[in-house]
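Both complexes below contain chain A, partnered by chain B and then by chain C.
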Partner chain A sequence: MRFMFKTDYEDDIRLFPHSGYLISYGSLLVLLVIAPFVLSSYLVSQLVFVCIYATVGVGLMILTGFTGQASLGHAAFLAIGAYTAAYLQQFNVPFPLYFVAAGLLTGIIGALVGFPALRLQGIYLVIATISFALIVEEILARWESVTNGNEGMRVKTIQLLGTAVPRDSPTFYFLCLGVLILTIVGTLNLLRSPTGRAFVAIRDSETAARSMGVNVSLYKVKSFAISAAITGFAGCLFAHKLSFISPEMFTLQLSIEFIIVILIGGAFSLHGAVLGAIFIVMIDPFLTYLKDDVPGMIAGMAAALGAGSERAAHIQSNVAAFASANGLKGAIYGVIIVLFVLFEPLGLYGRWLKIKLFFQLFPLYKRATFKRQKIYVKSERNR
Partner chain B sequence: MSYFRAENLSLHFGGLKAVDAVSFAVEKGEILSIIGPNGAGKSSIFNLISRIYNPTSGRLHFEDQDITAAPAFEIAKLGIARTFQNIELFENATVLSNLLVGRHRHSTSQLWQELLFLPSVRATEKVHRRRVEQVIEFLDLAAYRDKLISGLPYGVRKVIELARALCSEPKLILLDEPSSGLNVEETDDMSFWIRDMKTELGVTVLMVEHDMTLVNRVSDRVIALNYGRVLAAGTPSEVQQHPDVVAAYLGA
Partner chain C sequence: MSISFKVLGLAVSALALTHLPAAAQTKVTNEGISPTEIVIGTHQDLSGPIKVWGVPVSNGMKMAVEEINAAGGINGRKLRLILEDNGYDPKKAVLASQKMVERDKIFAMIGPMGSPTVLAAQDILFDAGVLQLFPLTAAEFTFKFDPAKPQERLKFNNLLPYVESTRAAIKYMMETKNFKKPCLMHQDDEYGKNVLDGFNQQLAAMKVTPASITSYKRGASDFSAPVAKMKSDGCDLVVLGTVIRETIGAMGEAKKLGWNVTFLGATPTNVLEVPALGKEAVEGLYAASGFEIPYEDTARGKVKDWLVNYKKMFNTDANTQAIIGYNAVMTFAYYVNKAGKDLTGQKVLDSLESGDKFLDIFNSPPTKFSKTDHLANTVTQVQQIQNGRWVLVKDNLMF
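This part shows the complex of A and B:
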């Protein structure tokens, strides 16, 4: 176990508190850089999705994890970013320009959503953001002159510095990775400055934040704007990755996926957003596996256990029917959320912290270390 | 002109007059205590000053400025900090970051500067941290510096709230029952700190308190309230011997 002796205020400000961090994050970066040259194109494409989801996750983490404002409308912000990119592309606007425009426009719309949200809290805010998402979805379907309605829009390949960046090229992967890293660094910077602390203050006690001089309304709007802008940037990349966008891609289910990203990952850390993104992107391959391989496997097992061939075939078809049932994905999401909220409220990152502590303190780790203590001061709030 | 002045301050909830035409003044550098039985309107006055409630009528003046209509966060920016009777700390943050929120009124950086963490942001951040460390030393909180609030005992939280208010370098500090829930030793410490705040930091203190020992020990002047009205004002002993005050506490 390492003991830190702080000798300078810088020790509390630094992003990498000690050399161990540099080594571990450095090696992670090296791995990520060589990944596209080693891994199959399928896996690289999955990594791109992880980057995009993680970027959205970080954005949502700022709003929900740090400012405490729940949102089920982030699919709409992603859609606004994606459609802004696709629309501007038609007029031969260069990529860097419409990339920035996607983020800015989404940020402005995020701020506008933030204003009515000032008076709402908890479940009411969730309902308001869901309605916002539904409105955006509907507008995308109806405003045919701009969005091409339900036909959807094609998104052309990125032209960067005169060269094409196809959506399955390593360069595109590096672009997404770069955006993710910049987002994370920017967010970390924010969190160690007054704005980030104001966000956390609003999350934990609005009354106290106000009486310490935090303009709660202004910071809530700021949080909405930043979160939406980040999601807008991700939306632009998302559109390019899919090369085709249509309104039915940006449904409530996508918003729920984003909530899962931060919930599964661990609601109060950026690590969580990345871990959650990896988790959610892995669900699709898992479902394919469930559909293609599992029925045969189970039938094989049944046969080995002595079931007749007819019986085995029957089992196989039943399992296959279950695995390809409509809405299985939604059901899995539901089960995952319930299980995590009940048994692992700190998410994957919380589990990782526990494992780390176990080895640091070995053999003295106490199982109750992370048990939530009963707080005997229940303050009555002036809301 | 007084440093801080409340004129005919009233707060009515329907027919209930929580605060009824209360006027008082706080002079610069003094410790003024407000006492009174439960429900006398003491905390309501604090909530009026820090703008959690809007007064039904009356005016508030601070440093020759009318602050009756200022929004809540402006009050802190003017240099009025407060603590809460029931403790309002940021539960899921460390003591250090709680105290740093107290520095919020001194932050000048823009959002884009913070996103890039420019050298100017870093420099002011160090100034904030130096100030916070001074307060940590003043209130002897070094042992809890990096702990989460949610794991700390009540007495410590009470001190951290005081610390957070002091971090904003207030001119006037409102203490809402600083000794409630503290044991005798902790109350002793609190009384020393309140005196030190006045003498060493030059902070003016307005305090609501039930513990008469603490009130007698630290107050320069005392105001007694009952049913939202001022019963008596003067030195601690004068007020305690005032017949109306005795009647309010013990019954006529």
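This part shows the complex of A and C:
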């Protein structure tokens, strides 16, 4: 086990506290860089969606995980980013310009949403953000001159420095990965700044934060704006990845998916946003793999156990029929989420921390280490 | 000397020939075709908001595949169908399409479901040279193609488009029944927008002004306000851009108000569920449709056998959706068969564009495509619910 000896403030806020971080993140980066050249474009496509969802996850994490403001309206922010990009692209605006515009406009709208949300807490804030998302969906369907209404918009391939960047190319993957890494590094920086600490203070206790001189309203609006802007950037990439956008794609269900990203991942860390995105995007293809391959494997096992080839084929067809039952994937997905909420409220990242600590302290691991310590002030308990 | 010049000339012209057409040539894949098998793929909504369509369509497709294979396949090749669930989520549709192209190596994508799902995924297919045949969306993107983009030639559709079928049905109703004040109630989505366009275009062509146009959000269940508004606007023909529940809801509301008005539904209302669930509320509803809905007790010959087999296989009655799925695979099989024993992707494309007519067992209008037209037909029928059953009123309508 490593003991950190900190001698000044810089030690405390360093992005890489010790060399181990550099080695592990460095090797992860190397793997991610070579990924598009060794993996099939099906897997790279999944990684692209992971990057986009993780970017949204980081944005939502700032608002919900670190500032404590729940939102079920992030599909609307994603939509604003996507439509801004698609609209500006029609006028031959270069990609870097409309990419920035997508983020900025979404950020401004996020701030505007933040103002009325100042007076709302908990479940009421959730309702307000849902209403906002419904309003945006309605506007997208009605404002036909800009959004083409319910017929949707086609999004052309990105033109960057005079070359086309198709949505299945390694370049597009690197673009999404780059945006994700910049977002994560930017957010880490934000969190160790006074602004980030104010966010966390507001999350833990608004009353305490206010009494320490934190301007609660200002920081809440800031948090909304930053979170929305990041989601807007992701929206621009999302539009390009799908090459077609329509209002019915940005529904409440998508907002719920984003909330699941941070719930499954672990609600109080950026690692969680990435892990949650991996879960949400890759669980469906993974279950598809199982559906395709498990029946053959079981039949193989049955044959190895001496069941006879005819019986093995019979078993295979029965298992295949069960595995491809309609809605089975949805049910498995739902069960996994319920199990997470029941047994691992700290999410995937929480589980990883526990496993890591278990080996670090072996054989002296104490379960109580991760027991929730926070005690609510009585007046804040029912919010 | 002269011989070597000829050789050079031949070589140059051969080189030119191999290079010139490459720019305009459509690349069609030969993946998925083996001496014993043809692999086809589809992505359906089996768990999302339109699974009432996705499940029976996929059943119909499975049944067609089994039938073809039981009869020995197409020129000795059996069909293998890869079915994935898209949940009406474009992200899943994109990933499912990539999986089918790369992992399962499909030769053609047949009957994929939903507008956003099909549109988000179709470029993946075209880039790989995979045919996209008969998707279940009436969007123009699925059959209109740009001749300058050779890969776009890989798309074909045989679904009756909403705009054209709505226009033909409205024209027939207005001309024969002499309505003066037509109204529209439509769903607020891409489908409803298509019906609205058809309604507006046809009325403009006939120089009639619409008496009122109302819309509702998908999933709405109370139609008292729009129906009351249409009544007060004095409508004599109500065109419905609705699906199943809304059709029944709107007509039930009119009955409740004692309003005796004629209703005409767009093609999605022409399904068995409407009279089965709506009972006397939907009696008298007219609808645009592509083909006659068969009933087990009156059907004869092949159609009767088909209905019985479907029920035996899936333990439920066949419906329009199942017929559409079944026909998608059967149409594909017809043109692949025409392409001959020595099968390639290019031959299938040529066979599809040959103009040969495919006739199904349900007596639908013939399917045929050409080099410039990849939409099967726009021939519309009008049917009416009489005593709880769909009855053909008028055939062979155009606008």
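FYI, the second predicted complex is superposed on the first by the 314 of 383 C-alpha atoms of A that agree within 3 Å, B and C clash if a C-alpha of one lies under 4 Å from a C-alpha of the other, contacts with A are read in each partner's own complex, and residues count from 1 in each chain.
Heads up, the rule we're going with is that contacts are C-beta pairs under 8 Å (C-beta built on N, C-alpha and C of every residue); 3 or more make two chains touch, one makes a residue touch a chain.
Everything numeric here is computed off the predicted structure, so don't read it as measured data.
Check whether A:168 is in contact with chain B, with chain C, with both or with neither, and answer first, second, both or neither.
second
Counting only touches as set out at the top, which of chain B and chain C does A:12 meet: first, second, both, neither?
It touches chain B, and chain C stays clear.
Once the structures are superposed on A, label A:186 by its partner contacts, choosing first (chain B), second (chain C), both or neither.
Once the two structures are laid over each other on A, A:186 reaches chain B alone.
With both structures placed on chain A, which of the two partners, chain B or chain C, ends up touching more residues of chain A?
B
Quick one: is A:151 in contact with chain B, with chain C, with both, or with neither? Answer first, second, both or neither.
second
Of the two partner chains, chain B (first) and chain C (second), which one does A:85 touch, if any: first, second, both, or neither?
Neither partner.
Looking at the overlay, does A:198 come into contact with chain B only (first), chain C only (second), both, or neither?
first
Using the touch definition from the top, list the residues of chain A that touch chain C in their complex.
Within the complex, chain A contacts chain C at residues 40-42, 45-46, 49, 141, 149-152, 154, 167-168, 241-244, 246, 248-249, 281, 284-285, 288, 292, 324, 326-327, 329-330.
So in the complex, the part of chain C that touches chain A is made up of which residues?
It comes out as residues 46-47, 51, 55, 83-85, 87, 90-92, 94-96, 98-99, 101-103, 115-116, 119-120, 123-124, 127, 139, 141, 188-190, 192-193, 218.
Which residues, counting only chain B, touch chain A once they are in their complex?
These residues of chain B touch chain A: 47, 50, 52, 71-77, 81-82, 84, 86-93, 96-97, 100-105, 107, 109, 111, 114-117, 121-122, 125-126, 129-130, 133, 150-151, 154, 157, 164, 168.
Inside the complex, what are the residues of chain A that reach chain B?
Of all residues in chain A, those touching chain B are 9-10, 12-13, 186, 189-190, 192-198, 200-201, 203-205, 207-216, 222, 226, 268, 373, 375-377, 379-382.
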